[in-house]
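This is the structure I want to talk about, given as structure tokens.
Letters A, B, C, D, E and F mark the chains as written, and numbering starts fresh at 1 in each.
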């Protein structure tokens, strides 16, 4: 089984960290390949950065499709481009926020997210609203460390654990979710400082979620919304993203009814 | 006042339609300029198309910022790139789904959306969940017409009205929202066929919402989330999107507390 | 275009303030007429006051219908009688809480309301639940100033700004909504004290929302719920509110199906 | 114990029906007095009717306060003026929609409401959203019978049962709530036609809820929102509603903090 | 009328307290019998305790069915086994959390629960989500007193009132719900210390709710979900719980459609 | 790694099916042991059955704790006793409904559940509300086959696929969740009949979720709610469930604050 873990920013040092985190948990016979986006921002800390990381992510997925990749992990806590990647890939695609929040729900009553910059809090809430039952996410808290400063901070585990500890108290939560792929190596150290409270890293959680889906023989539904995009003209420098005409076997995909009332 | 209405797809004929719809309602002294995205897909009918329309949209906003634009309208019903554009623009940015759904809420108990392809239904529900109170959006229904086929369909108003009429019955709704910028010219014809039920076009609604915000002297909050993105390196063909260092006056922007419990 | 802004309390001084706020933003060719309710309480600070302000509001709308009014604004932050007024008026009717909350949603991630007395907080939450997506309204906070004391308070902007500043911190919000029509003149002063955070006055926002709906050719749906009330006997001093028999052209209004499952 | 059941419309025949329904269930020693509103509409079938029924309801409560009434029932399924009445009365006030929906929640998984006219469906949903957990109310269905025609319809139980039977099927519900005080006598006949499915009349349910609250020694909280309204000038024909100055013992009522974040 | 109040723990002293609370409010002619569970934990303070209290509760209900009991109260604030008991009993079954939360909703804008141990907070929130509209329950707060220590605490009312007072402030609530059957005798003392804020004991509230349902002639719907369980083999020490073959008259119970879309 | 999959009913044939489904996906080095509950009902088709299956489930977990089990799967779609089992086990515990719904959320926009009997629909909705974001579960549909008849039905895949196909159409869903452990072997056959739509069996999904959590080094949070139950007296035949005194190392577990406002 081949799982491609895509770092949607262009910083190779982060990709190395992410890859190590994924490989540490992947099962025997699972080949994890961590790739760095070839285009876009050096780190993702705003809606602007996130939007502009998506072309690079999609290119990495499209390239993966030519190499027999079985599943993908989107390794940024904003889960950028997840829906689009699902349209593109034959196998499943898992976001790290999604996988981390699912894991948190299996381990406690409610979780708190500890993230980097204050300005990313809104996105984390958006994702929690999409992925979890109301009330599962109890709070999102920023450490006010820029993504690219994480690696160099000698007291990072202490700072994250301090923020997480206050979050547990304030939110009445019982699980911590690390809100940045760049925190991937911190689980054990932070959990220890919190007296054993579960601390979840999305990169490893998503890697195992992707591996599990492939093992189960499951892939994204092609019924309607996530079917492969219709081919059309792309211009202005994005010509490379133009999809080719759908292969004939897709012509008879199931089509749903075309309406849904709530 | 200058309002730039951005068509995030690359089809100039749709831009003409959109511009006409915006200009038809803009107030005296309001200059509407409709621009076509310079890069990306010819139409937006999937998450993939939508994600790849965002760079072109952001380029159009960035360019507008050099020309004294007061407000922007994102003229695609998926409201692509709206959050990112808000970080970039000094003035307000309004999405057409957002404006149409707000208008619908002022006119009745619940609305139905009539859109193009079945595969866009999920996105419309996502936006309704973000913009409206639960229960306001009663249903989303597809006509199964591709975006670029809208213009050529001689029976378009009839088809849309037929779908809308069934939606009103099925959903128990009392307002119709047109779910594509390419349906901008249809309001009167569809409303007439429905016996006067309000039919809302997001392009004209968003133009007036943007105009109103400028008149009120209001712009996107710069407190935390929508503050201007931090400058950083952009590579791989997206160098043009690299933000310059923040001007000094932004240094003392208010910063919020860094946490929020639900 | 003629927009009637109804102050549903009987205090003419507040009507003058409200009218000035509305006229300051209305477009060229829009005639704003601010009217004071002819019956009911001098200010609205309880469910009791609010309920008893509605007959005066409806009388002002009914009278407006005989004078060719195109749209109405209900200028009290409790939006009293809004649904009933919509049944009565041919043109659109907009409440100031509704318009302010919609505007806030276009400008940031979440807003806080700053209002007069503690006892009105519940009503503001009810309206937020009706008008906005869950999570948009982050908090409602009282200054503990009675409505009729607002005008005389020499430090009003300071007091409101202080309360708003604490609300932004506590709620993690990024926009302020002023929760009383009597605060209409304060936007600029409060925003300035808050370092530029958007501050929204519902009176001016609702005036432009009403103007926009008229420009768009839109009015309240007459399909079922908001159709003109059936005529019937009114007695006991409220005879003046008895509707006359429906004009013949209303006989063939569309009627919906009569059921809705969630 | 004295319970006053207020019919907020002015039709005495309905009051007789309502009173009989309440007396049939009231406990020994409970005096039920059914009163007809002295002012307003002959029946309540729109937001307009409902708004204009509130002054009469409040007058009936205010008069009851001078006669030692222990609790009140608002006997119209729209629960008009409930919040205002709670501010006015010393004892508890219960609406019939509220009590019926609570009873339904104790008896099954989900209920359907069967009401009179299609145009009242929206109000029933509003009340369900306020009183019940999401999903408890499964559907609201109209029989298209005007309120004042209910009494004369010789086949009323059959019509209501037929509508209810379809509602049970369509909604997957297991309890029926009768959506009009004028249906008070129908429970047994409709339940029998439905093979024993519980059918709830709000008038009798609310009478027992009010009786229970008095027995428990409970009354509306005076903490902040539902405290007695502040006295102020009422004019224009509503002078009778002017509250007198608060009695001194109310001066030291508890006051809450003045803010609430969600 | 015979109402059986089941204490699902095995501590007879608590049953005595519960029985006294129920009898103090039951109407003339209502026979309240308080029974202690014959099997299970001495107190219920965890999901584990709660799960293992259910067999004893169900045995008490099954036995009651042989003695003509008209209604049951489940007298533990976790409402253990409520759905199962409803399948078993002919008459209505009411949980004390359910009844207390309904009563609270009739008396104020939002309530706070004051309970025993911190670890029971999650269950109280689950029940609030099931029984009440979103926002009705504002907070759940623990006194950190074990259930069986309640009786012996000479300062119990003071401790509960102190916790409740802080809850009212923090939550912006206006009603207190006591979150344990073992607090049944405290209402008056706690309310007095809180200056008259309503304080609700679920045991007495549920007794009157059950009495009211019997008076109304209402019982749990047998349509589908709460129909009597299908008989089947029970083994391993639980043979006594094996249901006998359904009596013939149940053969023609109404059956619902077998599907429900949201 | 040792994973114990507990069949909470007493039918060994179903345990064999469940065990095979779990073993088919478990990773190398993972020992799956499927155990049949030693006490309780032969199948679980009601709240009554479910409640009485919990003691047997907890006994199987308690016994597993003496044998070094690393994680547990609760193999009944009602997820009976899940919270209680989490208090008891050192390692993670995963329910099959929980795991199936999480997997479904990774693969499409919305799922439909196909289950056995109509009367279990309510429980499935309860679980969906607890595990997933609003709108993820689009419908729950019964095949009206008793659990113990599943195995013998020669046309089972056809019947389930037919029901699933109608569900996809009616609900506008794109993924199917099989709503009974007894359907564990059907995924491939049903998916094939549905043209490739993903079909999820909770047993295999939960096995991999449990395996993943163990691999990640994660276990249920012991902070407050899911801490090991306090030891206390159990009587009346359930003495075996009495917990022993907590070992000393648990004395200094972290304790949360004791309150949470929403």
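We adopt the following convention: a contact is a pair of C-beta atoms (placed from the backbone, for glycine too) under 8 Å apart; a residue touches a chain by one contact, two chains touch by 3 or more.
The structure displayed is predicted, hence computed values, not measured ones.
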| item | value |
| --- | --- |
| Smallest number of contact steps required from subunit C to reach subunit F | 2 |
| Greatest separation from subunit D - chain, by CA centre | A |
| Farthest chain relative to subunit B (centres taken as mean CA coordinates) | E |
| Chain pair repeating C-D, as identified from C-E, B-C or A-B when over half of the contact pairs by residue number coincide | A-B |
| Rounded Å distance, subunit A centre to subunit F centre (Cα mean) | 26 |
| Distance from the mean Cα position of subunit E to that of subunit A, given in whole angstrom | 43 |
| Whole-Å separation of chain centres (CA-atom averages), subunit E against subunit F | 27 |
| Residues within subunit F bordering two or more other chains | 109, 121-122, 125, 129-130, 134-135, 138, 171-172, 224-226, 256-257, 259-260, 262 |
| Chain-level touch network, classified as line, ring, star, complete or other | other |
| Contact pairs between chains, per stated definition | A-B, A-C, A-E, A-F, B-C, B-D, B-F, C-D, C-E, D-E, D-F, E-F |
| Complex contacts: residues of subunit D adjacent to subunit E | 25, 27-29, 92, 94, 98, 102-103, 105-109, 129-135, 138, 168-169, 171-172, 174-175, 187-188, 194-198, 200, 204-205, 208-209, 211-213, 215-226, 252-254, 256-257, 259-260, 262 |
| Touching residues on subunit B, where the partner in the complex is subunit D | 109, 134-135, 172, 262 |
| Complex interface listing, subunit E residues touching subunit A | 121-122, 125, 129, 134, 262 |
| Residue ranges of subunit F touching subunit E (in the complex, touch as defined) | 10, 37-43, 45-52, 54-56, 58, 81, 83-84, 86-88, 118-122, 125-126, 129-130, 135, 137-142, 144, 146, 148, 167, 170-171, 224-227, 229-230, 232-238, 241, 243, 255-262 |
